[in-house]
Amino acid sequence: MKRLFKPGLLIPIAIIVALAIWPLFSGNSASAREAMFTLIMSMALASSLNIILGYTGYVSFGHIVFFGIGGYAGFWVITHLGWHILPAALLGGLVAAIIAWLLGLAVLRLRGAYFALATIGILEAMKALVINLDFLGGPVGLEMHFSEYKRYGGPMESLWMVYWSMAFLAILVIVVSYFIKTSKFGLGLMAIREDEDAAEVMGVITPRAKTWAYVLSAVFPGIIGVLFFFKNGNIEPGDAFRLHFSIEWIVMLMLGGAGTVLGPVLGGGIYQWLRKTLLTSPIFKDYQLVVAGVMLLIIVLFVPTGIIGWVRTRSAKLRRIFE
Amino acid sequence: MSRKWILVFALVLALTWTLAACGGQKAATEAPKAEEPAATEEAKEEAPAAKEKTVVVGFTASQTGKYNVPSTRQTTGLQMWMDEVNKAGGVKLSDGTVLKFKAVSYDDESNKDRVQELYTKLATDDKADFLISPYSSGLTAAAAVIAEQYGIPMITTGAASDATYKQGYTVVYQAYTPASRYLTGAIDLLMDLDPNAKKVAFVYENSKFATDVNEAAKAYAEKNGFDVVLFEGYDPDIKDFNAIINKIEAAAPDAILGGGHFQDGSTFARQLYEKGAKVKFISLLVAPPEPTFAELGDAAVGVIGPSQWEPAAKYTPESAKAAGIEWYGPTGEEFTKAYQAAHDGEEPSYHVAGGYAAGLILQKAIETADSVEKDAVLKAMDAIDMMTFFGHIKFDTSEEAHGLQIGHDMILIQWQKDGGKLVKQVVWPKAGATADPIYPIR
Amino acid sequence: MGDVLFTSAIDGLLIGVIYGLAAMGLTLIFGVMDVINLAHGPLIALGMFGVYLLFTLMGLNPFVAVIIVAAIGLLLGVLIYFIAVSRVIDAPPLSSLLSTFSVNMIIIGIGTAMLSTSSYNVDYSLGTLDLGFFRAPGSRIAASLVALLTTVLLYFFLYRTRPGKYIRAVANNRISAELMGIPSTRILALAFGIGVMLATVAGGLIATILPINILAGGSYELKSFVIVVLGGLGNPLGALLGGLILGLIEGLVPVFMKTTWVPVIEYVLFVLILLVRPQGILGAKE
């Protein structure tokens, strides 16, 4: 119980809650909601990725594959079987988890760059496969009939519902992430990150631990995929399996600090906020990618542990507060 | 451990409950808020003195990316309409209010995931009264969801795919001939040219628009006794058509139909020529009617393309009268002349005309409604049945396909050599043809 | 049927050589310093635009322009090495993946701002070669021959010259190479430069036959990944074989099924080889 009231857990949750309720207080709530949705979604996605990348040290480059798989599964049952969005979202998570488990059995044997390459291959293979599957709409994807929103009281109500679900999910990811980090299971993962062979010798059942980390890091992107594409009203292979977006999650993670609970929350927020600011600024509009690139390079070269990692090494007091 | 988990769960649940409650409240209070601007407008309209009101027309344009060429032209057309209306003193309502139009637009980079973000911004931050679609069916499908979510009327141009108008939308209206009627004319032309032609190959871009077009055309070809020897989609980012050209040659069709958008279509025509493939009849989407297609040189000769509109198209007040339809807007000649005056004599492509037509449709609806109030304008849109320089405009008002264009028709053009110079000739329908089609090409 | 197979196979091999050349740059860098260069695609695109600009603005023959592009590519590669790679060369793989990816973002960002993402064509034609049983555009054949020639030169460089031997020595074991008095930093920079040079040359050759845009390098980068795994990570000559195999797949598979199945086969093969035989078909770096 004492673990619950540690600042390491409460700070990230407080950040998300504060952001989530912001649209209620700002004048233009619809556009504030859209902005916050992007922000909170990024935080949740980066935090999910953190479980396999940050804690376990396995660089899953094509992690968006689970976002896409879950999105397609959920979208399909909504449009074809008439499911409600919430069970459909859970199904998306479940399908993503099962596929992660099956893939994990095979690819988690690979280490370092080989694993990173394999995840890119899996992503591209999955995208190419979906393009050929007619029941998923092939290259043009699936569209949702607009009357679907009526079921939830109209488009506005649907958007708000998706928004609150997203916020809830983000908090859940943080809680899971925190409990993994402070558990024996998490210690095992971090041992794998530092030295997999040594971890094995010390009694960590590495294949099982890795597979579980992979599955846990895949569940939430799967659920988020369903929410995201339900909100968009359509799903296409190009959006569901976009490598670039996947890499952006890594950038967010590195920015905030991989392997920490607060890092991905901070990184996701800062990255999306910067991107939005740069995109709408007339001077930087054309050069936003360059600015982001230079920023990433500086972080990788000089602050490889990210903001939170840097703060933690600098101050013993803050180390106790930031997890 | 498990007790802790239950506690955490309870805490999180309680938190969400509170948030959801706040959310519910918010959603309830938001609805009247959204109607507020409309209410103040009415108040304004009631005022006796002539008031000027700015109508915000929002859209995104592809300033970069693969849709750059047609999208820029579409924007040019729309802007041309807007400038002309504003210069002529705007639209005057019966209560004396003068409406002036203002465009707000962003660059969508030909990228779908920017589109929804930007249309939301147009709907909320910029308070757009009306929306115009981006270019291409894919981007429009994404934008239409937002238009419908916020209930803002949207006129689509450069978005032909039928599927978008079958999603239960009520505020989306199509200016173009839908995809299902895009290539059927080419099959009619082929039958007219060569009764012995039996084998056709469909090679098309894997996009919403091209898939809709080609599936409809395939069904039409099969119905007319053609043998479809190849029916194959390619990746929108394709650079190398070699493998597909080899397949086409092996299937030895009498006609090649398909294409997608500008870049893939012109690359396909170029590589067919460079490879020295024997082609008797070829009709591609979007690329051929575009004036810059002539840059392909000899590779362009003989290529046929369906066009939404051509300067040579014969839609006149007289023809409207003969058909018993109301005429609206400038004549084709006036439109072409105005465009050429501003663009060094360059001929307007159909994307320009489509952009202009979208504005014209909006103007007509506002005039009929005598208001910018959304419901009145939507009602006026449903009632539109008019002839313009762009052709006949009339929308499907059924629940299943609301907003689908049912009045407008396609024209076929072919690039031909006239004394060493490439010229675009209208070859179909026969009544409006400016030249006989070349057949077989090579 | 036989005809199609023959034509498709030749076409596949012709483009496969160029794919192989592009992949050689990637695999050389990985072989020498265990860095996967995620800026590979944009560098290929820079090669494309190098040739395009030299051809369109200065009227240079594209195949001459490729030589200038190669020299620029070498210098650029050395520059990128010192800015982005040298500091992370001994760090965990994530660091070098991200540092090279940041170079990717910077190049794409500048490229998009200056050139937009629209397509360009190098309007250069060598006519159509018609042998009756086989037809191909002349520029395609010329580009493939230049790619083959570059491969031969690379082989000579690596096996017959002193710096080439140094590179192989550093690839084999950097510490012992340093003990033998080989200036490893300079050799690493040179290897990175050559890797980038190969990417830009491949891009330049592609520009002579296919339409280009600033994002076009991305698809060749992905193809390069498949090729280097096929040929063995870190094995430059394996990359040529991998390129030919990929070219054959792209040429022949469409004869039997829809072209959209080609990438499915490519990437499934890619993952399977990583799992079953990560050293590639020919075996990994020596």
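Chains: A, B and C, in written order; residue numbering restarts at 1 for each.
The definition used in the following text is that a contact is a pair of C-beta atoms (placed from the backbone, for glycine too) under 8 Å apart; a residue touches a chain by one contact, two chains touch by 3 or more.
Treat the numbers as computed from the prediction; the structure is a model and nothing was measured.
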Overall pattern in which the protein chains touch one another (line/ring/star/complete/other): complete
Pair joined by the larger number of C-beta contacts - A-B, B-C: A-B
Centroid distance [mean C-alpha coordinates] between chain C and chain A, Å: 32
Distance from chain B to chain A - Cα centre to Cα centre, in angstrom: 36
Separation of mean Cα positions, chain C and chain B [Å, integer]: 39
In chain C, residues with contacts to at least two other chains: 112, 258, 260
Contacts with two or more other chains, residues of chain B listed in rising order: 206, 233, 235
Chain A residues counted as touching two or more neighbouring chains: 131, 139
Residues of chain B that touch chain A when the two form their complex: 3-5, 7-8, 11-12, 15-16, 19-20, 22-24, 26-27, 30-31, 112-113, 116-117, 120-121, 123-125, 138, 141-142, 145, 148-150, 163-164, 167-170, 206-208, 211, 233, 235-236
Chain B - residues contacting chain C, complex: 63-66, 68-69, 109-110, 206, 232-235, 237, 239-240, 242-244, 246-247, 249-250, 263, 267, 270-271, 274-276
Touching residues on chain A, where the partner in the complex is chain C: 53, 57, 59, 61, 106-107, 109-110, 112-114, 116-118, 120-122, 124-125, 127-129, 131-132, 139, 247, 250-251, 254, 258, 286-294, 296-297, 300-301, 304
Of all residues in chain C, those that touch chain A in their complex: 30, 34, 36, 83-84, 87-88, 91-95, 97-99, 101-106, 108-110, 112-113, 222, 225-226, 229, 233, 258, 260-261, 263-264, 266-268, 270-271, 274-275, 278
Residues on chain C engaged by chain B in the complex (per definition of touch): 1, 3-4, 7-8, 11-12, 15, 112, 116-119, 121, 125, 128, 130, 135-137, 210-212, 216, 219, 250-251, 254-255, 258-260, 262
